[in-house]
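One chain, chain A, links the two complexes that follow: it is found with chain B in the first and with chain C in the second.
After this line comes the complex of A and B, so read on.
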């Protein structure tokens, strides 16, 4: 019994790492631009396909693939910001309009991927083969790498936003555009940077996930929905809250799968989300303002 | 001699609403000027237009001999033309020190960041005491100090202060007035927007009265108005 529980907790930790990478990207865009990016999952998918193309089709190796997937997603993210979000800055209905434009971006990317790569399932090799033993339970070494990389990446991004001028400027722009402009911060540049960074995170997640799950044009949908649950659960304010919530949701999901099975788990997760929205609309870790 | 700041016949507004109707004014190196006049007549709009937040529809603005009409705000900040806006709430979740460090954002300002922070703390010791406090937890006066501090961190070659003492208690008002006086003494040319004409007269070499988006009067020490005349300027001929 305890062995099953430990195995479940470990797999929850891996899931949590995945959600943390996804949700922190959503959080960066939300805190800087005030936009909820529905194409985030599709950007993840693009990262996975580009990684596959570079690593497998071109045969350049997995590390080159992961790098290319991350960068390609960042570039596409900047393009989405430029074409589908920037025209609506200052618009009274910006939040609603960008819901539609980022949904459109999601559809364009998913259908585009289907045209370019076809519907056949693809998969990346693992970063490291073999298995590792964690607290007496075994997981694939690749999943262990994912669980180690995620917190490192999150800490790096957190340091970036707290102690570098550029990172601070992203926070400043999210809090007060006029004041940021008057100390010389180029607001459109900050927006593009935030969106690119967020998309890079999605691309990296996709490239790492491509070794564990199949790469398909719609592979981003489920992680996007889970990341949404995470940001609602944790509150969209800070990276710390988002990351914390990601691990909590990952572990809850793993436990639910153990106790209720795969079928009822999404139901309970959404129920949880609705309860949080009713009683703590700013999230469990969000401030009550 | 060239003016440091030269504004010629500028019109500007929001959308189809014109606020500034052909404003011309200038400031010479080493000079302090004041803008006063009733609320809602275009003083802040003028500063926003100079800073590039609002595009002028006609006229020219030049700073230090360079035409900056239509330039982007970051360019204007980088050239040293800095504004501390009215009621600046800054970045609520950012700490005082962090905010000051960030404010030295332009390449020109960044190299003097450490010395400028020292100067700001010297001018406003209270910001030093509150260094790890978030901006949203500061009092109105402290926030105003932080706003001016941020403007100083931008290494201003010309500093525009929009109602630095707005809504403050008389004691704090006095404290800020002294600080603004020190900034002027340090040799930074100032454009100050204020309602308090006597306070302005004590600092500025010349004053402009802004009404209905126009400069209706220029005042220097030679034709300084008395108290009664100030009342008349604000309230009209027959009101009091």
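After this line comes the complex of A and C, so read on.
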């Protein structure tokens, strides 16, 4: 019994790491631009496909692939910001309009990927082969790498937004655009930077996930929905709350799968989400505005 | 344009033209496209009721359609309910599903409305996929019973019967939407959309109006789903997917959110446009990209939709 429980907790930790990488990207864009990026999952998918193309089709190796996937997603992210989000700054309905434009971006990326790469399943090799023993249960070494990379990346972003002046300018823009402009911050640059950073995170997640799951044009949909549940639990406001919620959801999901099976888990997660929203409309860790 | 001409004569003239279409379009394929267009027109115009008229950003609208599809499919195929009755059931279950999602959503604001309704539609799809002993899972339900009227089978006459049932449903749905939007209730919806605090101060219960508008928008959407299942004789989980969602959303936006006829016109135009694109080589997938780009362009250049753009142009001409 303890062994199954530990195995479940470890797999929850791996899931949580994945969700934390996804959701923190959403959170960065939300806190800086006030935009919820529906194309985040599709950017993840693009990262995975580019990583596959560079690593497998071109034969340049996995590390080059992961780098290329991350960079490509970042570039596409900046393009999306320039073409689909910037024209609507200051619009009264900006929040809802950008939901629709980023949804359109998602369709364009998914269908584009289907045309370019076809529907055949692809997979990346693992970063490290073999298995690792954690607290008496074994997981694949690649999953262990994912679980180690995620917190490191999150800490890096957190340090970036707290202690570098560029990072602080992102937070300033998120809090008050006018004041940020007055003290000499280039707001459009900050927006592009935030979006590019978030897209790079998505691309990295996709490239890492491409070794565990199959790479398909729609592979981003499920992580996006999970990331949504995470940000509803954690609130969209702060990186720490989002990351915390990601691990909580990952572990809850792993436990639910153990107790209820794969089929009923999404329902219970959804119900939990509704209950949270009824009592805490800004998320469990969110502040009551 | 004269309001009476615009609101009464023009729609009736269009209706008369649509009623005569089968006389000229005698092949099954053209009629099939019209039936699909009617179904999309019902989805888009009812979505517009909550989105355009009340400003509720319900991203789960297509799940009501999906609930309708599966209600009718299961009722008609598994329980041998008369298909006509099964289509009506779909309206009831869709309204119940709408109430379930609307109740928690009513008090939420901004992006959280989008997130919860979207998650709801994903959940509905998960339910359909996982409960495969009832829903057929990913393969769906096939060979659903078709419509009959006495001894007349609707499979005959190149879909003539289905054409008029589809058109009839669209007319009833549109009359229903007109009745709702022109009633005092409809005006309170606009008040909730445009000035929430003022509406609340004048004694309108904002959350109650939101729940009501979502439920009302689900009824004909569900019935359209039921008709879709009976007409195509297939129910598949694709109806919950992003493809249908983006197509219906683009119809609302391109037609003009908040207008009554805009989404209907856009649904007819877009169905034919995407179908003809699907016929071109290499455009089977790319047509969705074309629709997405069109949606972005409309949001960018004509936020009131193309019909709204027309309205803007006409008074200018008159002034000249």
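The criterion applied here is as follows: the second predicted complex is superposed on the first by the 289 of 289 C-alpha atoms of A that agree within 3 Å, B and C clash if a C-alpha of one lies under 4 Å from a C-alpha of the other, contacts with A are read in each partner's own complex, and residues count from 1 in each chain.
Assume contacts are C-beta pairs under 8 Å (C-beta built on N, C-alpha and C of every residue); 3 or more make two chains touch, one makes a residue touch a chain.
Because the structure is predicted, anything quoted here is derived from the model rather than measured.
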| item | value |
| --- | --- |
| Contacts of A:186 with chain B and chain C, given as first, second, both or neither | first |
| Which of chain B and chain C A:48 touches, first, second, both or neither | neither |
| Touching partner for A:175 - first (chain B), second (chain C), both, neither | first |
| Which superposed partner A:74 touches (first chain B, second chain C, both, neither) | neither |
| Touched partner set for A:165, first chain B, second chain C, both or neither | first |
| Which superposed partner A:252 touches (first chain B, second chain C, both, neither) | neither |
| Larger contact residue set on chain A - chain B or chain C | C |
| Partner chain(s) touched by A:108 [first = chain B, second = chain C, both, neither] | second |
| First (chain B), second (chain C), both or neither touched by A:266 | second |
| Overlap of chain C and chain B interfaces on chain A (superposed complexes) | none |
| Touching residues (chain side chain B, partner chain A) in the complex | 51, 53, 72-74, 77-78, 82-85, 88-94, 98, 101-103, 105-106, 109-110, 147, 150-151, 153-154 |
| Chain A - residues contacting chain C, complex | 30, 36, 84, 87-88, 95-97, 99-101, 103-108, 110-112, 114-115, 221, 225, 228-229, 231-232, 236, 262-264, 266-267, 270, 273-274, 277-278, 281 |
| Touching residues on chain C, where the partner in the complex is chain A | 57, 59, 104, 107-112, 114-116, 118-120, 122-123, 126-127, 130-131, 242-243, 245-246, 249, 253, 282, 285-286, 288-289, 291-293, 295-296, 299-300, 303 |
| Chain A residues within the chain B interface of the complex | 165, 168-169, 171-172, 175-176, 178-186 |
